[in-house]
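Next up: some structures, all given as structure tokens.
Both of the next two complexes hold chain A, though its partner changes from chain B to chain C.
Let's turn to the complex of A and B:
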């Protein structure tokens, strides 16, 4: 933990150093582990289970007190956050950048769309989600094998080509994947148990929008629970070792390539699930939904939130969902027309990315955490000084 | 036979444009070790400036000069203001800053110039030359593209080989500390390098726009092609970038010309070519030095 304070100043002295400053957030153990005086249990699994439960309660409360429009916004938030969670594990934990997660989401979305072509005879929804994850995982493994040998700008360029190139396949396999128009997705109906559950909780109408928002929330909670456990496990520590000192890690007997591929695969699985939820929520899988801008928005989310932090990925995704309408409204207030105002959001993303990288590479979570720990260190030093002077 | 000739000629012309764009990437990579993912957006911005001038009634040539000049200014300003703080830092930060610039510029273009498709004039005819009774896919405009790219490359070679500034630029790309000790103003050389690269990038943007349509994202695929071309050439070698551009142009042209519905396969083939090159020869076909460890 003590290496955190000096990391921002030393980062970048050696050119090929891992992104130390940018991932300061990832290095810090969760708050519960450091303070020692907390209500959460010490065991990682128990602590995450408690958080999962709290998250589930919070999700139900939030989804029930908000209106249908906000419900659909929250469903959007859930798929952004799932994909961003996977990406932050890859980029923040293992130091591999990917601009191709939009394409991996497309794999998940198209799989879901194909499996839901006949909604009556379709497979049960959890199975469809699972198959989408598996498909994206397979593609992710293929890309990951290539990606494991690349780093920095090479990896960025290769995944950029993936993001630009893969949606083109949907146009090539026109008859099967629907070309430019894409595939319409007929979302499955909510089961009766869901209707009775909603009736029990709030007595509101169990609409299909609400059902999909719940599906998104459940997927989000499960994904984050699994990722959080993974990051705190031996696997997560190995990833961080590779990110920070790959030569030392290799000397310690870590097979760099295999672990990098594993990180890519985990991250691709999250992207596949996100794509699957996206297909259900948007009810369409089309090439226009998986542009380069989608991949770059995910990157924006994790950088602003704080690389390597799941909380940061969630906050960043919230920004992706709630910022564009607000910015667009401001644009219209300033006399832009609708199409111009719609471009304000990407403009703001870009500017925020640049500003964040130059002035606060730790992102929101990283910067707050660093502040907090500096404060704590100062207070501790002051306390020691006071004790020393009174004693002497 | 005739189709083969036409496909080859188209490939060579396209390849030259990719080569110019790859050259812009290589120039920046050599001096600052940054892949400028914003190059496409920067080129799109200057192309739209040219288009605005042409639509206002000025000649193509004036628009060309203004566009290249604004490219130089834009590149220099971006290096000084945005890239300088992340230069020499860890590579992920620089990549993210370049991507932020890419998104922001593209959105800014859409806000200022609109996001609709607009046709961009070509300075020369778009009808193929007549050779032995057959019309080939080599137009006066292709000839212009050919000439423009070759002249630009010769000028760059002359600059780097025969001038003091060129020598200083090569020195600061080779070793910043030693150059500083010898009195080279390395900061100024980096700014100049970015400016020059932006001029070359702007030129490729204008050339690819000629006779076609432009919209804010029209350079997106060119970033990919330029990057692939630069990687084929090793990212470090200007000659490699040119050869890489020509190889890629020919390969993509053959795929689009001969594979059934090949035009939809062009970007994905670029991805495949990139992957093969990176896996087989990660240093590119022209790298003389061994690749450094991660």
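Let's turn to the complex of A and C:
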């Protein structure tokens, strides 16, 4: 955690490693020095829209070729990935740590659950999702204002308090928020256009599970589109400047507090949407769904995937969702009984985390990017050497 | 700045120091270690709030100055050391320096509107221009950590210059530079003076004497002399407090050599 924040004593110190390994995944430059060969268009909007379209096609293909159980797993993946995407922007790009994102998800989930309580005449789904985002954003802004003054372990402590305390509110206001039992969420019915769309694409049954998986995928794609826009813009660059060297950033005219709050708010908005999708997919908003473990899982997901990278957040979330069932299945294959096999999953997850920390501290994406940059530097050096020898 | 006092607890870091940087001039701030040069600099940047005293910039008194307001006031500063952003390319580092020239807001960035792209392009051109001016354009795509120290210093300077300040504060720009590089730096400082004033904290006396129009000398938080380089050099108080030390060191060294030589002979 400590290397997320540069302490003043190391500020400005010369390091011989190129970027800081832990956040290497976050360092996709916002400005290309030289425009290399690329098939993608120059405009950020067009480029990201192309990626969005490709992502949408991939989502439809994946959801249609997999069975209903995998569909529901993918829906789970979508809300983890939305929250992890928001968290990776906060932690990887801006250097703030949050152990309280589970609580922000709870805000989104309870808002959605309450709005869907009305037996009939409930608001349209996009509006419900939007209101959940706004609620989480408001709570995130309040926390962010406090968080902007805190560093490293203190920030972790403050957000930890949020993670532990906020779900408790649901128990305190049990008449309104359902107490320990939580609120059951009435899953919204799929519109008819969805049924005809599925009929057109694959002719499969347009089940409610499938509809929710699509809702998750759509939310995921929109969130990542918007986050990617921010990351690649001046906003992302400013966040990274604050992360790397706050004094220098401040002297460049950056109001540290305001920008830190902005990062927290953006991150909270993503968490709110994730919570809202979670409520729809799980069909329940209960305190037991938003324990500290949820916040910690998100953190491990972004660390394994590569801090600061949206792709990393997606990969880390995929690992979080698909690794435990896979390990359990392998365990049963090896002749363990169900209980033993289920206990194997957290163990393997822990081992993966430790191995990743030792051998790939930049996470998956960070490690690949560092490798690639080393290769590029080597090639450049070789080219220079060749030019030198031919010249001489 | 007039009558600046700074006390850290019971320690008086600066006592009644006054300093005026005239437009288009290079003003040197010198003094032995611990004289309070950097403290005065930090006061000018809002990093340290003076216990008493006034800071006036363009006929306006700056009260409750915050570091992040500096660039919008037209003041840029380099840090002692380099203070570059390690996780960002050289070009991006300089683009952060151009922060105050950015126009596109959060919403256009969120939706990746063409306006945001256009703004980025403008900042990129500005940054490249600043790098080219300092002869560092070939490093634009590199990360600062992989560059030699003098190049990093140039990048840090480019980051300050790209804000196009009216007053440039340089905190020990020559530290870690070789004789030749220091010479280049001197010429560079003289070349920017047409566009801005410079306040310079520096240890290297020859650089200070060469580039500065006026010099203020601090010792133990007090101003002991001010004037043109020639006046300051002639001031006995300065010789005693500052240059006197150098003579002593030489004398000590001579003594050492002598005893050493003596031992050798013996």
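Note that in this section the second predicted complex is superposed on the first by the 334 of 392 C-alpha atoms of A that agree within 3 Å, B and C clash if a C-alpha of one lies under 4 Å from a C-alpha of the other, contacts with A are read in each partner's own complex, and residues count from 1 in each chain.
Going forward, a residue touches a chain if its C-beta (ideal position, glycine included) is under 8 Å from a C-beta of that chain, and two chains touch if they have at least 3 such contacts.
Nothing here was measured: the structure is a model prediction, and the numbers come from that model.
In the superposed pair of complexes, A:377 makes contact with chain C only, with no contact to chain B.
Of the two partner chains placed by the overlay, only chain C lies in contact with A:233; chain B stays clear of it.
In the superposition on chain A, A:150 contacts chain B only, with no contact to chain C. Shared-chain residue A:358: touches chain B; no touch with chain C.
Judged by the touch definition given at the top, the superposed model places A:303 against chain B, while chain C stays out of reach. When both complexes are overlaid on chain A, the residue A:262 reaches chain C alone and has no touch with chain B. In the superposition on chain A, contact is made by A:247 with both chain B and chain C.
In the superposition on chain A, A:43 makes contact with chain C only, while chain B stays out of contact range. On chain A, the surface patch touched by chain B in one complex and by chain C in the other comprises residues 11-12, 15-20, 247.
On chain A, the positions that touch chain B within their shared complex are 11-12, 15-22, 91, 95, 97, 99, 146, 149-154, 156-158, 160-162, 164-166, 168-169, 171-172, 174, 246-247, 292-293, 296, 299-300, 303, 336, 339-340, 343-347, 349-354, 357-358, 361. Residue ranges of chain A in contact with chain C, taken from their complex: 11-20, 23-24, 26-27, 29-34, 43-45, 48, 226, 229-230, 232-235, 237-238, 240-241, 243-245, 247-256, 262, 377. Residues of chain B touching chain A in their complex: 29, 33-35, 37, 82, 85-86, 88-97, 99-108, 110-111, 114-115, 216, 220-221, 223-224, 227-228, 231, 235, 261, 264-268, 270-271, 274-275, 278-279, 282, 292-294.
On the chain C side of its complex with chain A, the touching residues are 45, 47, 66-72, 76-77, 79-92, 95-97, 99-100, 102, 104, 106, 109-114, 116-117, 119-120, 123-124, 127, 140-141, 143, 145-146, 149, 152, 159, 163.
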